[in-house]
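As written, the chain order gives the labels A, B, C and D, with residue 1 at the start of each chain.
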Amino acid sequence: MIEIGRSKRALPVFGFDDIAIVPSRRTRGIEEVNLAWKLDALTFDFPMIAAPMDSTMSPQTVVAFGKLGGLGVLNLEGLWTRYSDPEPLLEQLAQLDDSVEATKFMQLIYAEPVKAELIEARLDEIRAAGVPVAGSLSPMNCVEFGSVVERAGVDFFVIRGSIVSAEHVSTVFEPLNLKEFIYNLDVPVIVGGCASYQNALHLMRTGAAGVLVGFGGGSSSRAHSVLGIEVPMASALADVAEARRDYLDESGGRYVNVIADGGLGTSGDIAKAIALGADAVMIGSPLAHAADAPGKGWHWGAEAWNPTLPRGERVRFEQLGTIEEIMLGPSVTPEGTMNLVGALRKALASTGYSDPKEFQRVEVVVHP
Amino acid sequence: MIEIGRSKRALPVFGFDDIAIVPSRRTRGIEEVNLAWKLDALTFDFPMIAAPMDSTMSPQTVVAFGKLGGLGVLNLEGLWTRYSDPEPLLEQLAQLDDSVEATKFMQLIYAEPVKAELIEARLDEIRAAGVPVAGSLSPMNCVEFGSVVERAGVDFFVIRGSIVSAEHVSTVFEPLNLKEFIYNLDVPVIVGGCASYQNALHLMRTGAAGVLVGFGGGSSSRAHSVLGIEVPMASALADVAEARRDYLDESGGRYVNVIADGGLGTSGDIAKAIALGADAVMIGSPLAHAADAPGKGWHWGAEAWNPTLPRGERVRFEQLGTIEEIMLGPSVTPEGTMNLVGALRKALASTGYSDPKEFQRVEVVVHP
Amino acid sequence: MIEIGRSKRALPVFGFDDIAIVPSRRTRGIEEVNLAWKLDALTFDFPMIAAPMDSTMSPQTVVAFGKLGGLGVLNLEGLWTRYSDPEPLLEQLAQLDDSVEATKFMQLIYAEPVKAELIEARLDEIRAAGVPVAGSLSPMNCVEFGSVVERAGVDFFVIRGSIVSAEHVSTVFEPLNLKEFIYNLDVPVIVGGCASYQNALHLMRTGAAGVLVGFGGGSSSRAHSVLGIEVPMASALADVAEARRDYLDESGGRYVNVIADGGLGTSGDIAKAIALGADAVMIGSPLAHAADAPGKGWHWGAEAWNPTLPRGERVRFEQLGTIEEIMLGPSVTPEGTMNLVGALRKALASTGYSDPKEFQRVEVVVHP
Amino acid sequence: MIEIGRSKRALPVFGFDDIAIVPSRRTRGIEEVNLAWKLDALTFDFPMIAAPMDSTMSPQTVVAFGKLGGLGVLNLEGLWTRYSDPEPLLEQLAQLDDSVEATKFMQLIYAEPVKAELIEARLDEIRAAGVPVAGSLSPMNCVEFGSVVERAGVDFFVIRGSIVSAEHVSTVFEPLNLKEFIYNLDVPVIVGGCASYQNALHLMRTGAAGVLVGFGGGSSSRAHSVLGIEVPMASALADVAEARRDYLDESGGRYVNVIADGGLGTSGDIAKAIALGADAVMIGSPLAHAADAPGKGWHWGAEAWNPTLPRGERVRFEQLGTIEEIMLGPSVTPEGTMNLVGALRKALASTGYSDPKEFQRVEVVVHP
């Protein structure tokens, strides 16, 4: 603990940029590395989930991502469930260069209500393609649309907000009882974000299959400027990984997946997330580099269109290749933004590890 | 304590940018948050005071700020009390782009003496609008104009300088005896800036209702370059909050408000100031973003026009909306410069706190 | 050890930029400094090896570097052993300004296989010039081309990869048994990179004459972005220097040279490398400043042309003078990029040391 | 001590930018501050020496600086003692914008030998103006020109090099015996630079009246890039101030002035230098802002024209006013580059101190 002043102490915390992975005394051929990731009943080729963001995940790209071997999640309260055809709006938005104008336009188009029938239609479309089906809602929409999602049928239900706690206090609106809600659902739930040991432990106790660590948004989030709130990802993950261990013991063997969500801009960040204890990562901005992403070179999260208090911004991304090239290569850039799966495999091989679970033990150093 | 070299030790200190607020295991609806702030006999809707700076507070904007529910303070030794109509000068100044030319022009126009009758007229104008009346003087002008202010009538008297101590030494000019001066006044006094436990404790003992922490000026101050003097705000607030606690005990129950004054550029900074122990904040630069601010897109403090040793500079600010939009929203930017009140409310709600006093206990982390 | 979060601790580490050399109470004339460096049977005028990189070392520049008194190493799996005349390709590459285009072009031209007869021809050409002969292979090419190199005859055999361990695991391809390979060679071997005490100690036990510390590439490497892997050079060298000491004891007197390889951009970095325990340095980017370097103002390492996962980039360098002027001066720039030998001599003289071995004990400070 | 790696430890050190001065609980009127500084038999109005650099000190500006109440030092091995009229060369140099061209031109014009008769003539010219006379030589020129200087007559003899030790080792050239040289001189000597307790203590034992702390050059020095050598000024001063105290005791009362020389770009830096233990400062770059400085908007030190290994560079400075305005104001900029004396006075007043000796005890904080 560091003393800020006579009346306040604080823990020093660290982000991905502050740490680096250290090779061990062994190396390994990349053919020796197994990246398969099991979540509930399904096994994926690599431990990466595509974040439910309108700039990267449309029904089409969810399918494309699933066919590559990963899990794509559709935002069930985004443009695809507010409009039967959001393409013209996405086109218009992509034409706006001014950030204030773009914010106002987003505040306008996201004011359109979410429609239950569109939720069902989008999920049907994904299921029809034969890939795993997952959709996300924020906690405040779970009461209204949760049963719609369940009825439509999903493999995974994602409850995702900037900061989600197991204990939301409100005397005016009836708050979502997470534990009850998850208990009554037939499908495994991934819930977050959270950023601390205590908060994560309480989310694990709701019965979730996975918790999202971080506040999402990453490069496009400005929660620090607007709210003063931030927990650098390296420390958040190392804390929540300890909650997983303690809950495993307390629950007599229930293993809850820790999923890093936020601040993952490069394949190097993805490797570090696992090195710090994540079982998988939820990626947003790397996919915004895909030429076939619906954002057409722009990336934004739900924070960016808050009607009265935007806490994120639309960010411009260079289009580097297809989603397949972003995920599986070949890469033509040394920025860590292409061949994410190949890079993770190489990171494990170079440091002598054979799978992500084992790689959670790799040595890291701090370079402040 | 850190050893700088064999003969000198120093405490490590921290600014707003070095720290961040951490969510707790609870969240709260924003409707559960109460921002009301009581200062002496009056209660304000939110704990924010508009700093007495010519670029942001004219009699008109003091009134506007008061009508929004806050406390606006007029600088009683600024252009409005030196000239019966300063508007043409403000217009001329806004036209000057070159910083040296602007400094020289300010040195010139601020050389005009302050007039007692204008002090009275300005305060009358504010009172007539039905909002709380507050005006500021620097310590060196209190002897000459203090009685004028008292006679004109104010709800709060602000004594504000870069660095104000309870013990000013001069063998040539008779120094202001703060304790005596405050004792003899009929109105509650806010006094500062100060930045350390000892200095704040001595200011509390003068009988002040509030102490200003920081040296004001914020983004426009260059005291570090010119004088080598600086105390980062996070550490200053955490020190002075301890002085408040000790003085509360020593005085048998007198609670002196700790008011952060300086370095508050965003709503995130405002949340952090309270997290570090402030009861309220005095804001300057956020209001310079208002289209109706008298600075017309420029912002400066009293340091900027010192006749022989300017220690601040005029800074350009983008005009984002009306004072009302800056304070109450809606915001159209993720920079933390609009909807300051809504952002503070959201910061408390997201971390599970219901009022600023309670929020002073929120956990913070250091990210160096 | 620093706590990153509840489940992870990390050592703080430091790079060249974080540290500085401190003068002692003595100074020395530059004529009192002896930079001679003995490696196995040969003695060089200064402890600097030219890194085997196509942008700096052609057969011609290997010879030029050797005639100046240093050891130049030819990359035996670069363009000179893939093509009988690579000059037109180098010319074409130098014309490409776009980095993605350049990466694709490099991926293309480096796909041409290495030819045994060209390895022999290039080494013959160097030997004919009467300078020490050294060539490098990556571990994966040692099995195929090691005997060719041995037959052709070299004074030093360099086995160089980004991360080389004494224990490479593969169940599919037969891994190189470093210990056996080195034992069977008739020539002294330099092997690396490595970056930790354990890894270096195991490499020393293979019988190598020298170990390369760092991952090479320096300014052009992006292993951090792509793989999350990095070990700042100052800490890496200080760790491996301890392995040298421990191995010296364990082996009953075998002194293995510690050679810094990576991140050496200036003569100041070279001095720091030795101050931290290096016996010699392997330099790349400083030579890319030479007008007669084959890269023609561009610099790249083997990471830059990886066919599926480039982990380095081609970097532009200003051409400052001939290789001789870069190494021996006179310098016409204060950037630390000319007269590298004179600068190292001056660094020792100014701090009162007479040779590199003694200079390993000089005091350094950390300036974070 | 911090562990860099297993075989090396290092002290953390701090520069002016890392620290800040903290107000005390007292303030003082500026009329209460006395900046007078006594050096041997003379008393100056303020504790600032103008550094012997050709870009700032000509015979004319030495005189101007002396008439303002400070001590100007002429470089006795610069252009004014190599040429009877260096003005055309200074004009030519000022026209060269390219830094490599400028370096080559300086290497050329400084190759002209120093002339004894010009040393005498320049010193005579200064003495004739009725101001204190001081000239500087580097250690290597003291043997040849020391007696010339003594014969010409000076009030202070400055021996100044980048790094000067009391124990210079050379078996080829006869090294200067500082102790003997100083003992035999009739005038008080200021000698440096040095940067550590041990080095400073040895210099104090030579009988010097003052030691220069730092390596000079400041903004124009690149010793870190070229040699890897640097000692941040805050730590250097705090170390040497302890040497002054210990030598005072050991010598039975000889007080050696500690003079900060290097890295002083602003009046804030000057205040910090004294706060860290300096008795006075030797300034270079602030005077390069003077319109009447001979560098005509450029600034350079002796390191910049080294014939084979330049370790400094010519830097462009904005011309802000006359030397008088730079030193005594009025200032029209908040950068800390005008009214240096007024700023130092204000720094002491604002923190409650009455003279520089007392100000050495002011509290400082570290803000990394």
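Going forward, a residue touches a chain if its C-beta (ideal position, glycine included) is under 8 Å from a C-beta of that chain, and two chains touch if they have at least 3 such contacts.
The shown structure was predicted, so the numbers you read here are calculated from the model rather than taken from an experiment.
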item: Touching both chain A and chain C (chains); value: none
item: Shared interface numbering between chain D and chain B [over half = same, under half = different]; value: different
item: Rotation in the CA alignment of chain C with chain D, degrees, nearest 5; value: 90
item: Separation of chain B from chain D, taking each centre as the mean of its C-alpha atoms, in whole Å; value: 40
item: Distance from chain C to chain B - Cα centre to Cα centre, in angstrom; value: 57
item: For chain B, residues contacting two or more additional chains; value: 12-14, 235, 368
item: Each pair of chains that touches, named by its two labels; value: A-B, A-C, B-D, C-D
item: Residue numbers on chain B that touch chain D, as the complex places them; value: 2, 4-8, 10-15, 99-100, 103-104, 107, 162-173, 175, 194-196, 198-199, 202, 222-232, 235, 303-304, 307-313, 368
item: Footprint of chain C on chain A - complex, ascending; value: 12-14, 16, 19-29, 31-32, 197, 234-243, 245, 266-272, 275-277, 329-336, 339, 342-343, 346-347, 350-352, 363-368
